[in-house]
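Alright, structures below, take your time with them.
The two complexes that follow have chain A in common; it is paired with chain B in the first and with chain C in the second.
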Partner chain A sequence: MSFDAQPIVFSEALIAWLVTAGGLLLLILGVSFLSALSQGNSGLKMFSSEAGGVLSDLISLSPRRIWALSKLTFIEAYRRKALAVFVVFALLFMFAGWFMGGGDGDITNDQVKVYVSFVLRAISWLTLPMALVLSSFGIPEDIRVRSLHTVVTKPARRLEIVIGRVLGFALIGTLVLSVMSVVGWIWIVREIPAKAQEMLVCRVPVKGDLTFIDRNGVPAEKGINTGDIVDFRSYIEGATKARAIWTFSGVGENSLDAEGNLNLENQFFAFRSYKGDMNHQLLYDFQFRNPEKKISFTTNPMEMGEFRGVRNKISRKLERPGDEKTYDLIKDFVTSKGTLTVEVSCIDREQYLGMARPDLFIRLPDRSFAAGYFKAVLGIELMMILVILISVCSSTFLKGPIAALLTFVLLILGGEDSHKFMDQLVTGRSKENIEVLDQQVKQLEAAYVEAMKMPDGDQKEAVVQAAKKQLQINRNKLQTIKDGFKGGGFFESIYRIYTHMNDTTELPEGNPAMTIMVKVDDRLTGFLWLCKQIIPRLATFNNMSEYVANGFDVPWDSALLPCVLITLGYLLPCILLGYFALRVRELESK
Partner chain B sequence: MNGLTSQQRKLTYLGGILVLLIPIIALGLPSDGKDGTGGKLAQLRARYELGEADLGDVDPSSATMNLVLLGMRGVAVNMLYADFEKQKNAKMWAEMEATTKSIVRLQPHFEKVWEMNGWNLAYNTSAEWDAVPDRYGWVKKGGKFMIEGVKRNRKSTHLQYHVGVIYQKKIGTADESTYFRKYFLHDPDPKFKDGVDHEFNPEELDNYLVAKKEYRKACDIEDTEHKPQHITDRSLFRSTPARCQFDYAAVLHKDGKFGEETQIAWQEALSDWTTKYGQEVFTVPIGELGSGLKFDIRMEMTKDEIKREVASPDDVVHMIDIVEKYRKMVNYYYWRTRGKCEAEQVTSESHRNFYMANQAYKNQDFIKARDFAFAGMKGFDDILKRSEFLDLRSEETLVEECLLGVTVWKDIYRLSQEEPPADYPLKWLVNEYQGNEQLNKNVMKTFKRMYLDINK
Partner chain C sequence: MSQSGQSSESVIEIRNLGKVYRDFWGRPKVKAVNALSLDVRKGEVFGLLGPNGSGKTTTLKLLLGLLFPSEGEIKILGKSAADVAKNERIGYLPEESYLYRFLNAYETLDFYGRLFDMPASVRKERSEKLLDQVKLAPQARHRQLKEYSKGMTRRIGVAQALINDPDLVMLDEPTSGLDPLGNRDMKDLILDLKKQGKTVLMCSHLLADVQDVCDRIAILYGGELKVMGRVDELLKAQDETQILSSKLTPEAIKEVEAVLKKHGANVLKVDQPTANLEDLFLKTVQESRDRPGHRTVKEGAKS
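Coming up: the complex of A and B.
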């Protein structure tokens, strides 16, 4: 796994949604009210009558009519040959073997990963464009052929039309997705030979928090970077005091397997500073520590399995030959709060062991592959509903092709890279911010190191975690600002390009034009912030496939719940906006 | 509006279509596979060998992909390369390999793509893995990838040459070469049951012999397809098959094989060097730049032969000078002397004696070790004093072997608290190299490793 998704905090997500959605609603209402006000009494009357109409539409929603409209949408989509997408799907799977490699019965974990990724990607790449095109052209086409006139003259409300459309498209999309996912699942199971079927699993990990100690025994927030471009993992030096310390919460009897072993699975990386003993991979050991009882137990050295992973079955009864003293892993090393501390060290001198938080976890009993696979399919379903919502909403005020284009652009902008880019653009615009944050980060670093030095006890863990979290937040903020600061905002960038001014050179001081330019840029960036909030972050949906492809179950709090919340977050604003747009729209204009 | 009726207009269009069809058919009629058949375009394609099948095996999937992408191949390849970079940096090897395969499907005849990606798998990715069998697995993947590239591009001298490089240099001279060479004949992958991966080593040969064959194929492509290579000077390029045979013979010594097999290997190396490579014709420019004067030279060219080739005495001197320069560039004399020397029975025996001395020393059979070392010293003393092998005195690998033999011989005297004789064979060589610190350091390093082996 090359990412580490953090669990979503529901309250924070709710507040962020309320601010954005509420802000948008206020903006729309404000603009409508002001434009009504400008027309005097008649305008205000119109505004109040419209507001009353909206409320009446909301109150008199009829599930029966919505269902009827949904069925209509479903039949319409069927007649538009939406199901032809199955032909492409079938073709793709007929020739998929060409691109998959293997095929000689020798399937590795890596190949399984490629197979699963291929199926999930193929499903999403086929269903999403289908949903996008169908839902973007639905309402505009109804307006064009004037079939909407017959609907709106009936007791059906416009809100019901929007909801019915969304529901209908979601239904046909779900039908297509269900068939494809089942076929895909059968294809994967059939393609993987019987002897390799055991690789199709859903591991259930319990992840801990990771901290480091450097080679001198001083607490550090990270290990060493041995030259990797992606700074996801950091390394600890062998045969020094350097350690990687994992703290697992909620550990108890139920964390053990049927034989009473704790399954600790790792996927550490190796970095050799010299050739060393090539007959063996690097060695590491685990040290279990209980800060309350001040006891520790070190396991025998174990050989790592780079890029394959190693599952260490740690017996509950910890003993060593020649040592009479034995420990009980759960009773002796799990603290009163249910935490287990595991220290990892590299044995080989001048060699390095690399790791990130997800690289060591307690493996609970596996779930079936189908469980994780269909959760990932649910992720695709949620993304499809999101696409339908945006498309239907935009098709109420745009023509079909433009609505499709708008949704497509939003999808492209929803990628992780573009979000990172937008993050850089919308945060931190003044140099003062950098200096202040720089100071804060330094203070927090010192506070974190102090917290790590605290004597072991009840307080320490909480203090360390709080300090670490705050430090990470401020560091990320600082980095984003530093990245985004280069070159300034919209007008400043133009000015710099025109005058050939380097992005690190200060703007001329005391020039009122410059001050105005920076202020205007600030306002524009504020607007960009709002735009960024509207664009969905789709990496969350894509992560689900990554979990399954890597043989993990899809976690609820860091993968499934965020996707459900994002989709729900768009549901109400999109339907309301679509309804509002359809209500004020002149249906005669094609 | 014209005065034609609807029917008349339709008939006119039909006539126009039929007239236009005639040149289209004449130009675009497909060939039925035989020479001179098909339309003009098919004939031109056949004449200039521009057809897909002329370049190498046609991969139906890549042809389909290209068709489906409707001219967007460049964009797709760019996106794939962006993915490739991300996956490489995040060490997502399985995904990176899959992306690599997709890239070559879109660019099956872009030689550099095969070369770069094959190299990336065999060298860069392989080095990222900690276990040596895993590393070997990636070397194989890179090698097989390049072999696939050659199948798709049968006329590529470059790709064929790089296949040879994987076999010769990656397997033969990497840090892990001892393991890689062993794995080449006994694959660590359990599915080969300690046998050979026939996809990578179909004839179950030593890696140097496979490399020799691959280099030979590259030379053949250069000859038959007239596809010049731009990797190195042609004289060096053409020497690669013979050099592989030398490497093979030398590695047999290293592996402790001194029998007939080794001697034959050296004889074959000498023959490859002098009768095959030595007789290759190289066209070299002579005189002022741009004068256009060119002569054909051979490494085994005698002065008399040169005199027969050119008329003026000035040109003779010039040509002799050029032949000498080319010989120096490829170290021709050295390899010829080495080949002649190693092909002799006494050299083989002397190598064997040193090898046996080292083995006996490791097994703490010191009396035997001293006798073997002395016999080896005597043998090489005799060889290196012969006038035809004087050049070998500057060959560091051989000198290191001799000095190691002397060190072992002296150390056994030290262990038995005796003084070695004041005069001994190869004493002159020890004195000659006394000032060469690096060489003496290397000898001591190898010796210490042997000493440590005793203590294990």
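Coming up: the complex of A and C.
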């Protein structure tokens, strides 16, 4: 995989949520207030009394009424032929096999990936639009045909209407998703030839932290860049002191397979400065090192697998021919804190091995394909619930087509690229910021290298990790500001477009209007930040399918948990916003 | 408690109620209700009358909390119109039966019963009773409402309004779209509700219906209250007297006229009373039901 999802930091996520939810609350009050204002004095009076009634509504929630509304939503969707989506799904699967190759037993890993990706994408592309359309039109249609009049004139609270609707749409969506996912799973298993079934696995990786040593043996934060624009991977030079050092945590007896081997799987990249031996791949070796006992063991040279993964089964008993000394991999090389240090070196002179953090991992005993597949389906389910929440919420104050359009736009803006762009917009543009951060990054780089030079011991690991983390944060921030600096903020951009001034030209100095413009732009970034936070980061959900398609299990802390938290994070604000909007609006008003 | 069955206790109190519809920019567009004040007393059938656009439906929607008043105060069953808790004791039949068209009759009543937090057994029992009461044919009860005729939809609409056995029933144009039989059933139902001590507020512009069932009426025009009072008092011709007797011979009529003239009365009209068309229609239908196949063609129908 070309991405490296990091475990979510719960405290940071919680703070971001609290700030965003606070902003949203202001938005809710703003919308409600404006709505009340449009009704004149009586509207304002109503606004204050309605605000007081919120608490009463919260404590009067009735599960029976909520269930009644959910059931109604479910029956409505069912009888309005929402399940016709199955027909499209069936058609896709009836003919998809024709275009996807395989079937004769010769099937590659990439083809398996295509099969799995196809199924998961088909499911999400059918269920998400269905959920979007159903949930965007539910409440507006009820208001249009005035069915809602017969509900709100009963003791049903408007909060119950919103919750009931969300629950009902989620139920119908879950039904559709469950059927599709089971059919999809059966289809994958049947389509993949018996000989290739072993490719349908969920590898469970334990990923480590990666640091480097340069060709002179000096610790470095990164290896060599061989000219790639994207510096996700960096390279170590062969036959020098350059090393890539992985530190794995939580290693123990349970990291071994049934035969007592440690499975180290890698997929390194090669950069050749000369053609070399065309009959062999580049060679590398592993060196296990225990800084506490100050012992090390180097394995025999191994051939890399270019463009494919290589699984190295390292026997627990480490021994070399002609050397009587043997080691126990777990007892001798796993430290008292449960960490295992593995150094990778390239053996071929003047050739380079490229690697990134996810390129080497300990492969724990595999899980069944179904486990990972259904976790990915859970990701789609969570995304669908998110879509329903946003649609239902927006449909309480917008008409159906507009609510659907708004949700659709949010889905588009929720992509990774748009979020990166928004990150650039909201990080601020001050030139002074760049200079200060630039200086800080240089200091942190020096501190990190110093930390790497510390003698091995208890403190070193903690110091190195802390320095690395801080360095990474500042470096990302600097890069984002640098990217976002071009062209300036909202008003500056307009000014530059109007005056045909390119983004590298400095603004005229000493002009008070320019100074005001830049200051206003700076203040606007706060508002932009809030807008950015409100737009859900949907790439997180898509990553789940990527894991399974690439043969990995879906990790809890870096994939499933963020999706669960994002959905939960939107749950309360969306329901409350929908409730407020429905409460302060006149249902009869055109 | 008065002789007609209603007490002086007010179920609905409206004071200086006003409603102004505004455009997108908040500018006043229409004043639908203006300075309306009235009381509806417990146990009475109260009719809100007026031509189209007079503000009667707006008033009803203000009472139900579907619209917010621009000015004035509303108290229903002692609670504010915005208080959802008031709905526990209210039944509402909208002008059109805006029900969920994809549900059948049982599902509809079950759904609305759940909104009142009623247990399953109570919902079931009450649904059966109400469907019988509104005379919805058993074979129609399992069909989706989208297949119903207007009259059938109206019947199920009434049933949903009564699912909670309300103290106050608000009916918006209750007889609209009903055939004479349905019309009569509806009026009987309203009178039956009155007998049960319930308060009924109805909006209608079908004056005959209102006259038949209402104790008191209010006539609105241009959003303002023009007339309010007891129906019998409002309709009573103060300077005329009507004497109804069995059929008299022409000689007897002349004698009666002579007596009346002697007492200074001016005889305006002497005629045989006619039944109204509704009575004739109902009588014909009833006879047809009682004697299937029998055909009575009256003289006037030959041409």
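We take it that the second predicted complex is superposed on the first by the 560 of 590 C-alpha atoms of A that agree within 3 Å, B and C clash if a C-alpha of one lies under 4 Å from a C-alpha of the other, contacts with A are read in each partner's own complex, and residues count from 1 in each chain.
Rule of thumb we're sticking to: a contact is a pair of C-beta atoms (placed from the backbone, for glycine too) under 8 Å apart; a residue touches a chain by one contact, two chains touch by 3 or more.
All of these numbers come straight from a predicted model, not from anything done at the bench.
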Superposition on chain A - do chain B and chain C clash or fit: fit
First, second, both or neither for A:113, with chain B first and chain C second: first
Contacts of A:306 with chain B and chain C, given as first, second, both or neither: first
Contacts of A:275 with chain B and chain C, given as first, second, both or neither: first
Contacts of A:455 with chain B and chain C, given as first, second, both or neither: neither
Touched partner set for A:227, first chain B, second chain C, both or neither: neither
Cα-centre angle that chain B and chain C span when viewed from chain A, reported as a multiple of 10 degrees: 120
Chain B versus chain C as contact partner of A:321, first or second or both or neither: neither
Contacts of A:512 with chain B and chain C, given as first, second, both or neither: neither
Greater residue coverage of chain A in the superposed arrangement, chain B or chain C: C
Partner chain(s) touched by A:157 [first = chain B, second = chain C, both, neither]: second
Overlay on chain A, chain C to chain B nearest C-alpha distance, Å: 28
Partner chain A, residues of chain B touching it in the complex: 61, 64, 89-95, 97-98, 101-102, 105, 129-132, 134, 175-176, 179, 191
Of all residues in chain A, those that touch chain C in their complex: 37-43, 46, 49-50, 53, 57, 60, 62, 64-65, 67-68, 71-72, 75-76, 79-80, 145-147, 149-157, 586-589
Complex contacts: residues of chain C adjacent to chain A: 20-22, 26, 61, 64-71, 80, 82-85, 87-88, 90, 92, 94, 96, 98-100, 102-103, 107, 111-112, 114-117, 144, 160, 164
Contact set on chain A toward chain B in their complex: 2, 95, 98-101, 106, 108-111, 113-114, 117, 228-230, 232, 269-270, 272, 275, 278-279, 281-282, 304-307
